[in-house]
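Order as written gives the chain letters A, B, C, D and E; numbering starts at 1 within each chain.
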Amino acid sequence: MSKVTKKRNGKIGVPPGTLVHIGERKQEAVRISVIDYDEAGCREFEADTIEQCFVFREKPTVTWINVEGLHRVEVIQKLGDCYGLHPLVLEDILNTDQRPKLEDYKDYLFLVIKMLHTGKTPETLIEQVSLILGSNFVISFQEGMEGDVFDQIRERIRRGKGRIRNMGADYLVYSLIDAIVDNYFVVLEIMGERIEELEDELMTRPTTLTLREIHQLKREMIFLRKAVWPLREVINSPVRGESPLVSEGTRLYLRDVYDHTIQIIDAVETLRDMLSGMLDIYLSSMSNRMNEIMKFLTIIGTIFIPLTFIVGVYGMNFENMPELKWHWGYVAVWAVMAGIALFMLGYFRKKKWL
Amino acid sequence: MSKVTKKRNGKIGVPPGTLVHIGERKQEAVRISVIDYDEAGCREFEADTIEQCFVFREKPTVTWINVEGLHRVEVIQKLGDCYGLHPLVLEDILNTDQRPKLEDYKDYLFLVIKMLHTGKTPETLIEQVSLILGSNFVISFQEGMEGDVFDQIRERIRRGKGRIRNMGADYLVYSLIDAIVDNYFVVLEIMGERIEELEDELMTRPTTLTLREIHQLKREMIFLRKAVWPLREVINSPVRGESPLVSEGTRLYLRDVYDHTIQIIDAVETLRDMLSGMLDIYLSSMSNRMNEIMKFLTIIGTIFIPLTFIVGVYGMNFENMPELKWHWGYVAVWAVMAGIALFMLGYFRKKKWL
Amino acid sequence: MSKVTKKRNGKIGVPPGTLVHIGERKQEAVRISVIDYDEAGCREFEADTIEQCFVFREKPTVTWINVEGLHRVEVIQKLGDCYGLHPLVLEDILNTDQRPKLEDYKDYLFLVIKMLHTGKTPETLIEQVSLILGSNFVISFQEGMEGDVFDQIRERIRRGKGRIRNMGADYLVYSLIDAIVDNYFVVLEIMGERIEELEDELMTRPTTLTLREIHQLKREMIFLRKAVWPLREVINSPVRGESPLVSEGTRLYLRDVYDHTIQIIDAVETLRDMLSGMLDIYLSSMSNRMNEIMKFLTIIGTIFIPLTFIVGVYGMNFENMPELKWHWGYVAVWAVMAGIALFMLGYFRKKKWL
Amino acid sequence: MSKVTKKRNGKIGVPPGTLVHIGERKQEAVRISVIDYDEAGCREFEADTIEQCFVFREKPTVTWINVEGLHRVEVIQKLGDCYGLHPLVLEDILNTDQRPKLEDYKDYLFLVIKMLHTGKTPETLIEQVSLILGSNFVISFQEGMEGDVFDQIRERIRRGKGRIRNMGADYLVYSLIDAIVDNYFVVLEIMGERIEELEDELMTRPTTLTLREIHQLKREMIFLRKAVWPLREVINSPVRGESPLVSEGTRLYLRDVYDHTIQIIDAVETLRDMLSGMLDIYLSSMSNRMNEIMKFLTIIGTIFIPLTFIVGVYGMNFENMPELKWHWGYVAVWAVMAGIALFMLGYFRKKKWL
Amino acid sequence: MSKVTKKRNGKIGVPPGTLVHIGERKQEAVRISVIDYDEAGCREFEADTIEQCFVFREKPTVTWINVEGLHRVEVIQKLGDCYGLHPLVLEDILNTDQRPKLEDYKDYLFLVIKMLHTGKTPETLIEQVSLILGSNFVISFQEGMEGDVFDQIRERIRRGKGRIRNMGADYLVYSLIDAIVDNYFVVLEIMGERIEELEDELMTRPTTLTLREIHQLKREMIFLRKAVWPLREVINSPVRGESPLVSEGTRLYLRDVYDHTIQIIDAVETLRDMLSGMLDIYLSSMSNRMNEIMKFLTIIGTIFIPLTFIVGVYGMNFENMPELKWHWGYVAVWAVMAGIALFMLGYFRKKKWL
């Protein structure tokens, strides 16, 4: 989650539309899973070669082709040729450093969305999902880092749960977006809890580590924000009904996702506000604590300074120092010093310095 | 008031329109109170089963069904079926983590508003109120945490006070919104008073507690803001006359509520500005006070340092130290030291350091 | 000028349109002054009862009714009935906690504006003025705190100075707004002078009082801003020519007032910027001064620390300390100490610490 | 350049359109210079009385009347009467506290622009220039503080350089605006240089004076910004072609000036950003330097504190202190003390404190 | 990259359209390279005199004239005359202090874009590229500082790689813009790496140099932002299809560049946010470190202060001090002092001050 821009080796200067994969390269094979369904039933299989997907092009049933792994460029190329995708679309699918966006190519819609993972590491992973919505097909592309949030949708299609099998490809795309956006809430909840723990820590026992974690969270929030803000625009466009590929019925559902997006943006902004507030609290609480220590130490020093002066006086070697010969002189000096110390303690207490 | 997002256990991944209550679960029974009225009269009762409300569906009189408690999902489901509410509306009613919003479903308007409570706890409670406005009915949903602000409206309907009985369901919805918004002023007044007390405290006797309370208020303000800002948009839409369900007459009244909302947003922003100013004042006043103490102590130390040096000089054991043998040597040293001390005090005073 | 919201006792929960005065209650009687004029002449009197104003309703002459004091609700009620004002307008007139606004009720325009007073107190007072502009009448409402800025307009009407007597009620309303806005310049000039005095003080002799006054001015600015910003929208609406009650000729004059409003907003923002800059300057100048003191004191301490160590050395009681027996030992020690002190002073000066 | 609002003595409360000069009053006479030209030739003279200008009213040639000095109100009045200017325009010409603006009075355009002077004083002077563009005349008004930036335009007209003599009054107004805007670059360059000098000073030898100058420049920037920002709107309006007084050909040239204005606004914002950055750098560099000094002094103090304790120990007068009688006792104490001092120095160095 | 505005010597006051080169003057000759191509083939040469380019004016093939070096004004003048460029366009080409912009002169489009160089110096260089797009020609102007990013486009034309030879002049302009924008990613990547190195440095070993480099990067970011932000508007205009010179097919490609621009703006803003965060981290980490040192030193001092007082007590010369005569007095004092020191150490440790 930490890089602002990804390496583009071998990308700069080549003609536009040249397919180069920008992202984390994986050695595993590309996984292509196909689900083809209509009201009557559903067929599911893993394709060994991309050519197996081509037969669904002309079928009236809804076909969902999910491609995991983007490093084998020729697979994407063939799929693009079969389904008539523009070279720039293919280029954008391979470049995983895209901003969330929606592009309308008349025959199909092209969407780029960021999927969040709360995997094994404490950091949140961001993976790019590209979606192609045609009249009777949906193609989704992922880098395939650690599973996805689509399993429950697959289950729903298999069992015919809800209205998913009765509706078109646009409803399937809605369901995919909905699953991705719902998962944002999970990530935000985890973050919210980390922030609240941090806040407790801040009140009771702030350390330099607390500061570092606040900084870390602030930075994650910058990246989260970049993933979430453009999403609003992406979803708003089909909600306004600008494409005939999205039916009136699905639009209502998308409006619901739109509301969720706004809620998530709100939550991100709130968490950001809370984090800024925490930084201020941390700094002032650290400086308060340090000041308290310094004050205490300085007060101790200040009480002893006149006493040390007095004992210095009677350490002088003048021949003619009458006090030195008094019988109670020594005791008297102790008494005077105790008096001075008590007076100073009282004075400091009165001034509320202790 | 402290969570940014609410727990969505059992919500992630289910098909859209599945009804799950997100919010604080209560064990009490659901309370359904019905008021049915027209110019001629008014009938009021508590419904034991939701089916009792169905008869009012077709009556020309205005019916207000108030549902308190959202945990029995089947009640909401039946009511939704009877009044033809969209599954997504029912889902949003149950999810109490909504942003204030207005949605136009042609046959009815669906509104979500946040109601503030200044209950027994010092913190302000925020409760979600969902309103359905049909042509001849209003349905309101609350979680039912600690009573509501609608009692005076009930009284007005019973006694036929004001114009409420002569007007339609849209005027009833206006009255409900008005009551909620009016209550915001009460909450703001209480907050304003807490802020002014804090400010006095800040000028006279700032403590670490003051800082914590400023922080606490700042945080409450974040949540208050989230409840109030979207309200403007919500109310503005019927004011602009975009729905035939709101009559021309009621629109004038809604414009009045709209003005109140702007005033409340203004007040919230002003309080936020004042709180930020207070944090600055607190920090600089704390650091000023600390600096004053340190300066005082350092000055005391500085006065004694040369004196201690002098008494150290005459504590040396050199055989040949003529001063030690002078008869007035000891007195002279005291005089010199007094002189130095007075000179330093004078110098510090002249420099305005004391 | 200090409250964010005003007390609404007895206002919450009553039906809309119920007339309750929100503001500072005064025991004096309500003062109603009437000026009725046309090109030919002008008649002026103080009305004892509100009914005396009713006869002017149908006259073609321009009538200006000025009501000072809002606590006698029945007076406002009767006036409203006679001139056909909407209950919500009367409610807003009585509620002196309004935001500046303009509402178009077809037969009349309703304006709320804030009038500034620089009275006997150092603080600026803000008073609400409500204006009703009909085709041949103007009604103005004030709480009547300490005189108003309208005297010169009365004089102009009496003497027929300028074009006021030749023009309609819309020009009178323009003149009232112009007088109020012109007075803002006076208030801003006074504030500007206080800020410049503060700035001088800041450069020469900053104290804690300076900080408090900066804070005070910042806060007044918050309230001033709230009074001025919405004014732009209020005046812009008739300038754009949206109401037939304002003639083309008067619109040019209103555009002039609109320019003044923009200038005032500019000046307020400039003063706010200057105040923020001053706070920074104050804080850094205070901390600089404190640091200078601490540095000076620490340097004095540091010079004496090695000297005190040396005199301590020769205060030791070892039997075998040859230096103690040297004839010039004592003088040599003084010489060494003077050397050390001079070296340190030189070192500190070279480093630019002194 | 330092006042936020100018004195309006004798202005508050008078009827609108009353002519009062607001600005620095000068005792010199009013200077009226007239240039009348067409393609064929050019005639230039200084008018002793304003009436001499009236003859050009009806001539087809382009006439430029430049009025320097605004304190003789009757001159402006007469000119206004002759050329049919609205009383509010005359009022605005005399009030030199205007915001840059453009007003379209159908027969003529009225423009207010701020002209910058980098005169003898280090501060930048801002002078108001009012321009009237009619179909065949241009009238410009200045207070006449220290010359103007129009000399090269006069020269161009006299010599027929460029296309100025072949084009209409609109091109002359464009040339005047262009000259004023070009001069902004000169002022910005001077400011940019001052800022860069300050930056060098900041890196090498920051003093309190540096802070004061940063503050001074920040303040000048506030006023500069107020002069420049509205200019964009002023010029944009004729560029969009909203007035028939500006020909298509001149519009292209105005678009060029518009670009310059945007560049100037950009530069002002950049300088502002740089100044804010400098304030932060200054504060942290000052506090770093102070901390370094304090750390150095405290380390010196800390090294001597245990040594002073040790010599104190052997200054005690106990009868039974065996070390005092050892032959090498004194030397051993020196050795121990040197060891402690070296150890501490090493420790501090290892910790990178020295 | 460091000047806010460039020197305009000899530019102020001259008539508009006068050609003066504003920028870094180079002594080298002007280099004019011409590439003329169509589907069939491509011809490339370096022109010795500008007149050699004129023959391509009327040819149907696409001609790309690249001019490096702007100091020989007459060359630009002649080229402008031949291709019918407006004097203001030529003026803007020569003034390298332009803001990125697009101007539509019907027969041709005029674009100004900033090209970034990451040359030999650590600082990023910004060079202005002006592009003229006609129906069958493209003219590009550069100052020619250190090579450009167009080599790969030349190569593609020569070899007929990609679709460049099959498409018109608009596609060539798109390719040039694309090359410039792609290069921004390289610069951002380098900056991102510098920032990440700085961040590591900040966590482990912050120095004053780190602060200076943060400041340096912040400043570069200001200039980078100025180059990038207006680019969005520039590219957006042909994307919206406002000029017939850009074909529908090329528009799709430009939309892709537009997306890249948004991504770059996003990245610049993210880097800015990260830099601000770093400044805060730096300041608090520096002040924490300093405080830790001061605390440690003060604690050492505080432990010795009472001990020094005690040894002072027994250095007094009173005749009657019984302790001095005790046999174990000296040892007892050591024991007492060790006890006090241990107690204080324990107390400080318990308080977590050590």
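As a convention for this text, contacts are C-beta pairs under 8 Å (C-beta built on N, C-alpha and C of every residue); 3 or more make two chains touch, one makes a residue touch a chain.
Only a predicted model underlies this, so the values are computations on that prediction, with no experimental measurement involved.
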item: Shared chain contacts [subunit A and subunit C, defined touch]; value: B
item: Subunit C against subunit B, contact positions shared by both copies (same if over half, else different); value: different
item: Copy-to-copy rotation for subunit C and subunit E - C-alpha atoms, rounded to a multiple of 5°; value: 145
item: CA centroid of subunit A to CA centroid of subunit B, Å; value: 27
item: Gap in Å, rounded to a whole number, between the CA centres of subunit E and subunit B; value: 43
item: Contacts with 2+ other chains: residues of subunit C; value: 287, 294, 298, 301, 305, 308, 312, 315-317, 321
item: Touch-based graph of the chains, sorted into line, ring, star, complete or other; value: ring
item: Starting from subunit C, with subunit D taken as the next chain, the full ring order; value: C, D, E, A, B
item: Partner subunit E, residues of subunit D touching it in the complex; value: 149, 151-152, 156, 161-164, 175, 178-179, 182-183, 185-186, 188-189, 192, 196, 203, 252-253, 255-256, 259, 262-263, 266-267, 270-271, 273-274, 277, 280-281, 284-285, 287-288, 291, 294-295, 298-299, 301-302, 305-306, 308-309, 312-313, 315-321, 351, 353
item: Contact set on subunit E toward subunit D in their complex; value: 2-5, 7-8, 11-18, 86, 88, 91-92, 97-99, 101, 103, 208, 211-212, 215, 218-219, 222-223, 226, 279, 283, 286-287, 290, 293-294, 297-298, 300-301, 304-305, 307-308, 311-312, 314-317, 321, 323-330, 333
